[in-house]
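Each chain gets a letter, A, B, C, D, E and F, in the order it is written, and its residues are counted from 1.
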Amino acid sequence: MAVVVTGTSRTDLSIVDQLALLGVATVHEAQGRTGLLGPQLRPIFRPARIAGNALTCEVAPGDNWMIHVAVEQSRPGDILVVTPTSPCDDGYFGDLLATSLVAHGVRGLVIDAGVRDVADLTEMAFPVWSRTISAQGTVKETPANVQTPIVCAGALIRPGDVIVADDDGVVVVPRATAADVLAKALARQENEESKRARLASGELGLDMYAMREKLAERGLRYVEASET
Amino acid sequence: MAVVVTGTSRTDLSIVDQLALLGVATVHEAQGRTGLLGPQLRPIFRPARIAGNALTCEVAPGDNWMIHVAVEQSRPGDILVVTPTSPCDDGYFGDLLATSLVAHGVRGLVIDAGVRDVADLTEMAFPVWSRTISAQGTVKETPANVQTPIVCAGALIRPGDVIVADDDGVVVVPRATAADVLAKALARQENEESKRARLASGELGLDMYAMREKLAERGLRYVEASET
Amino acid sequence: MAVVVTGTSRTDLSIVDQLALLGVATVHEAQGRTGLLGPQLRPIFRPARIAGNALTCEVAPGDNWMIHVAVEQSRPGDILVVTPTSPCDDGYFGDLLATSLVAHGVRGLVIDAGVRDVADLTEMAFPVWSRTISAQGTVKETPANVQTPIVCAGALIRPGDVIVADDDGVVVVPRATAADVLAKALARQENEESKRARLASGELGLDMYAMREKLAERGLRYVEASET
Amino acid sequence: MAVVVTGTSRTDLSIVDQLALLGVATVHEAQGRTGLLGPQLRPIFRPARIAGNALTCEVAPGDNWMIHVAVEQSRPGDILVVTPTSPCDDGYFGDLLATSLVAHGVRGLVIDAGVRDVADLTEMAFPVWSRTISAQGTVKETPANVQTPIVCAGALIRPGDVIVADDDGVVVVPRATAADVLAKALARQENEESKRARLASGELGLDMYAMREKLAERGLRYVEASET
Amino acid sequence: MAVVVTGTSRTDLSIVDQLALLGVATVHEAQGRTGLLGPQLRPIFRPARIAGNALTCEVAPGDNWMIHVAVEQSRPGDILVVTPTSPCDDGYFGDLLATSLVAHGVRGLVIDAGVRDVADLTEMAFPVWSRTISAQGTVKETPANVQTPIVCAGALIRPGDVIVADDDGVVVVPRATAADVLAKALARQENEESKRARLASGELGLDMYAMREKLAERGLRYVEASET
Amino acid sequence: MAVVVTGTSRTDLSIVDQLALLGVATVHEAQGRTGLLGPQLRPIFRPARIAGNALTCEVAPGDNWMIHVAVEQSRPGDILVVTPTSPCDDGYFGDLLATSLVAHGVRGLVIDAGVRDVADLTEMAFPVWSRTISAQGTVKETPANVQTPIVCAGALIRPGDVIVADDDGVVVVPRATAADVLAKALARQENEESKRARLASGELGLDMYAMREKLAERGLRYVEASET
């Protein structure tokens, strides 16, 4: 019953590449704090910052067969996103698969499971976000879906959605709203620049954001230590 | 019912700065193995080693409002210590707040929750010890206490206590005993130097610490592999 | 009832040193995917890659006494392997013990517990795989076994078995089969080299491993996105 | 930007109620081993077995406001499904909210967070599957979505999908395929009955499922203990 | 350096006993949502509900010696509160110690570690809240403090503070404010009774708490499913 | 390369059955606090107390094939002990397999993974100790070893070793020492009876175990609260 969906749409790489520059925290804020994958996914080396089109891949526990199937579906600018059908920390992915993905223009891997050969992957500068590092090998016995919608680390990801990943984690931007999110993220970034300068000069957030009145309304009081 | 306590006392920075040089393990030993925060707090970059006066701050889950309030209470030489009122791994803190803290002379952050913008924080060389790295944003709706005694990662911390943090973790030294702990830690360090030289020459700890008799008393026996 | 077994056998260092070059993932595969220690054991710095003879050591929770006993039993080329008799994350080991081990030719430490002084250990380039980093000190009150078979991070380890450790984790190779595993691992490595070249040229794993037929047999189907 | 979607469709209760009788494991198998929520969700009392239409509800961390909003959207036969927008173990739900839900015919609660008043909920026989039990109270400050698609404990859930929950956990059945899954689950159950009788009589699964040949093909060998 | 503090004050049992009737969630709310111990502490049997004066006891990891010392300090109406000086899940406590505590009028145990003999403890109806159940035995080698302020499961507890524990968890009420918290909790309970009746009749929380306007202000919108 | 070892030895059931009566904590103490499986293994219902001969079985992650193979090797009085070759929480075992085991006289299951159909297993009174409860189904694709030595939840278990399991957890007693451990456990139990009576009468452990002098030697001091 496993299927590979071919001919899926992708997000325009000109949008994708700009989202990479903005980073996960800014993009996550720009789309209303949605789409973040769980913080258990960590980069195997830092710093790292990429964006790409999601190439989605399910795998059975302890079975990396479908990653080989996914490679054939890859296009330049993709990021491979792998989720096990039940939780598993095995080392599904190593330097041979990375070599193959690089040959097809894939930019990195996001996997809610384990990877191995991390010294080689680091040397190759192939970025990976994983839940675990483990040398535990996998079998090739059980098919699963490629390029179908999946839940990875708590987020819904559809083929061709934009994945942005950096040292803070991983966020998914739906293909349909990617252009809009980009516009909002660019605006947000600009706004942050001016705030940074004011804060660097010593201005307080309390004043810059005009928080004092609302804090008082919600009951915040100041007391002298000598009175406590 | 949330309060900000103003005018709290701090520990003399001449004591604080010497404790930084000694490091967490030595200080922890010198004060009788007390005051260690839980090992879930890890530095976002290594190496890092700082000490400072605790500027304590409670935050509601998913709400970083009070960090803005805490900035105003900061003094040069402080370390901001943040604890959520119930467990939360959100990214409470990023490069804008770090910029603001640096502008006021704050030396670093200890937070039993998450932080984001860690690539920027690393570039700024702003040291942070946190439980998680997460891009998840927070709201500004619920007040909590600033500069009151708090429990952070299992340790009681009062405003103006000394925080020492390095690659091994974080320890708190009560203000009242800081000078005494410093004296003991300095003595301990000196003692370690001589031990290190003896061990480097090949002398056994069994002999240097005269452990053989006590081991025998407690029943340790040596047997030949051929007899087992 | 605690014993120290003396005069245990070790694996020939010429075998050990070749296994180090091959790395954990390759060795683990070569011996039929057995012997891997749990992925909770992580190196305190990266990259790191060593192999050595297991010098096994049990410790009571919060008690590092037996590590001092183990040092005396060490031989050049050993790796100290420590397991607590019940789970404990304390900092059992620091730079003084590392200094002592280095003086006796020990190559590194594998411990299913915590270590401290990690900045110093990193500077010394003394490799450690541990479950935790913690400054929490330990006592010296309760004997336990040295150089007996132990379970460490889920794997059975006998004195003189080969420990291989790198950025992917830690694997144990029984002394009796070490030469055989080495031969298989060398063959495997050679085989991987040729695969890497083919994958780098763009050849698909699907073709290289002739997977298409078996995938079809197990029910994998390809469908056009437009038909879903 | 938070929305409440009204007028969502539901699955026919005649289907829902039959799925409850079949239980989670059978339903999960019948739909191809998909749709299972993570095993961190546990019932607060056992035995418990229900099914209902998903009434979906997002909540901010430490903020249960939207549960009050969801109550108004409930219909008899619903199960309230709550997911925090970032992980939180607070006690979002207690006996007052349960009283309110019961008054509107809601059958139970599935929440990827904490609940409290569990003694009262148990006495009321109101079934709850939660990640945690915690008395920690929540605020009412931040809106979130009600009756939109959500990810709860790793599974995608749409309003009106069928939730089946019992001592084994929780599974979601999409509304579109619920009738089909029911048919398959009924067939599966019947098949299991006959297998149970044969196994109870001592017949081996090896024979009943004709596994011996395939096991031999995949390399399983039998050896006498005396030969090892 | 370990001390036993004798002659510590206790809270009047007439206050303590009324707090037991109110339960953890109500008491926690009544004191402004403070004082809750972490949800990792779970009762070994349910239902259970007690309150008592905190008899505080530190223990070394894997060492239950000080529990014997604490027994002598107990008074009728006490609850023994045990925290290890570093995290440990060993079985510190079993039916013999429970027998001894019962003989001295102690009402139960709260321990941020493990217990054993839980079948016997259940039969004795001796209530325990623990982090783990484990048969792992402990030694008697290292002294620690009794009747000093401790941090247990993240909360600061002083000798003679009131501990309230039930199926929802454990909360501490400082001795100084116990009477005041009791008054507030009684008022809160009364208020809940009337709310319960209204909710049971089908009244919505949205109306009873007048939430609609504030929700609209914060941006909540209602949309028809047919329009999405 | 997977093997089934046939004709393995077992421990005499007269010894096994007496160990069951003594329980895990007593047996664990009697054999010098060794052999305990990790506390992550919990019974699916309580109370439960059994002992039996270990029938060992490895399984691949997400693959329960070998349990069917193990059933054929079972003998009356066995306990099935299952460990995955890499960590996995799937529901490997349900009521059909339990029906089969019961038909062959197997007394229970210990599994460092998940089980399902726990309502049925409870009704059947078939005792299970597992790490998880999960409805997640498994495949039958990959052979592994049956009746070979395994590590389960951190303990080494050989076929025919005695497994004792109760509400406190699970312990393994090597076949070779089972008679000796039984003798020690019986002696220990008798000794506990007399202690229990003395403690119940109010005698202090401090006196009964003559601890006061050793406590003073190790530095314990008593101070009046009024002097602190």
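Just so we're on the same page, a residue touches a chain if its C-beta (ideal position, glycine included) is under 8 Å from a C-beta of that chain, and two chains touch if they have at least 3 such contacts.
From a predicted model like this one, the values you see are computed outputs, not experimental measurements.
*Asks:* Hey, how far apart are subunit B and subunit F in touch steps, shortest way?
*Replies:* 2
*Asks:* Starting from the defined contact criterion, work out which chains touch subunit C and subunit F both, please.
*Replies:* Correct list: A, E.
*Asks:* Steps needed, at minimum, to get from subunit B to subunit E via touching chains?
*Replies:* The fewest steps needed to get from subunit B to subunit E is 1.
*Asks:* Between copies subunit A and subunit D, are the contact residues mostly the same numbers or mostly different, with half as the line?
*Replies:* Over half shared, hence same.
*Asks:* Quick one: report the Å distance separating subunit D from subunit F, using the average Cα coordinate of each chain.
*Replies:* Taking the mean C-alpha position of each chain, the two centres sit 30 Å apart.
*Asks:* Between subunit C and subunit E, what is the separation of their C-alpha centroids in Å?
*Replies:* Here the centre of subunit E sits 42 Å away from the centre of subunit C.
*Asks:* I need the residues of subunit B touching at least two other chains; which ones are they?
*Replies:* 1, 33, 36, 85-87, 89, 134, 136, 141-142
*Asks:* By the touch definition up top, name every chain pair that qualifies.
*Replies:* A-B, A-C, A-D, A-F, B-C, B-D, B-E, C-E, C-F, D-E, D-F, E-F
*Asks:* Would you pull the subunit C residues touching subunit A in the complex into a rising list?
*Replies:* 23-25, 28-29, 33, 36, 39, 42, 46-47, 49, 166-169, 171, 192, 195-196, 199-202, 204-206, 209, 211, 215, 218-226, 228
*Asks:* Could you list, by residue number, the parts of subunit F that touch subunit D in their complex?
*Replies:* The contact residues of subunit F facing subunit D are 1-9, 65, 68-69, 71-72, 89, 91, 94-97, 99-100, 102-104, 114, 116-119, 122, 132-137, 140-143, 147, 159.
*Asks:* How about subunit C: which of its residues touch subunit F in the complex?
*Replies:* Going through subunit C, the ones touching subunit F are 1, 32-34, 36, 38, 85-87, 149, 151, 154-156.
*Asks:* Please output the residues of subunit F touching subunit A within their complex, sorted ascending.
*Replies:* Touch residues, subunit F against subunit A: 60-63, 85-90, 134, 136, 139, 141-142.
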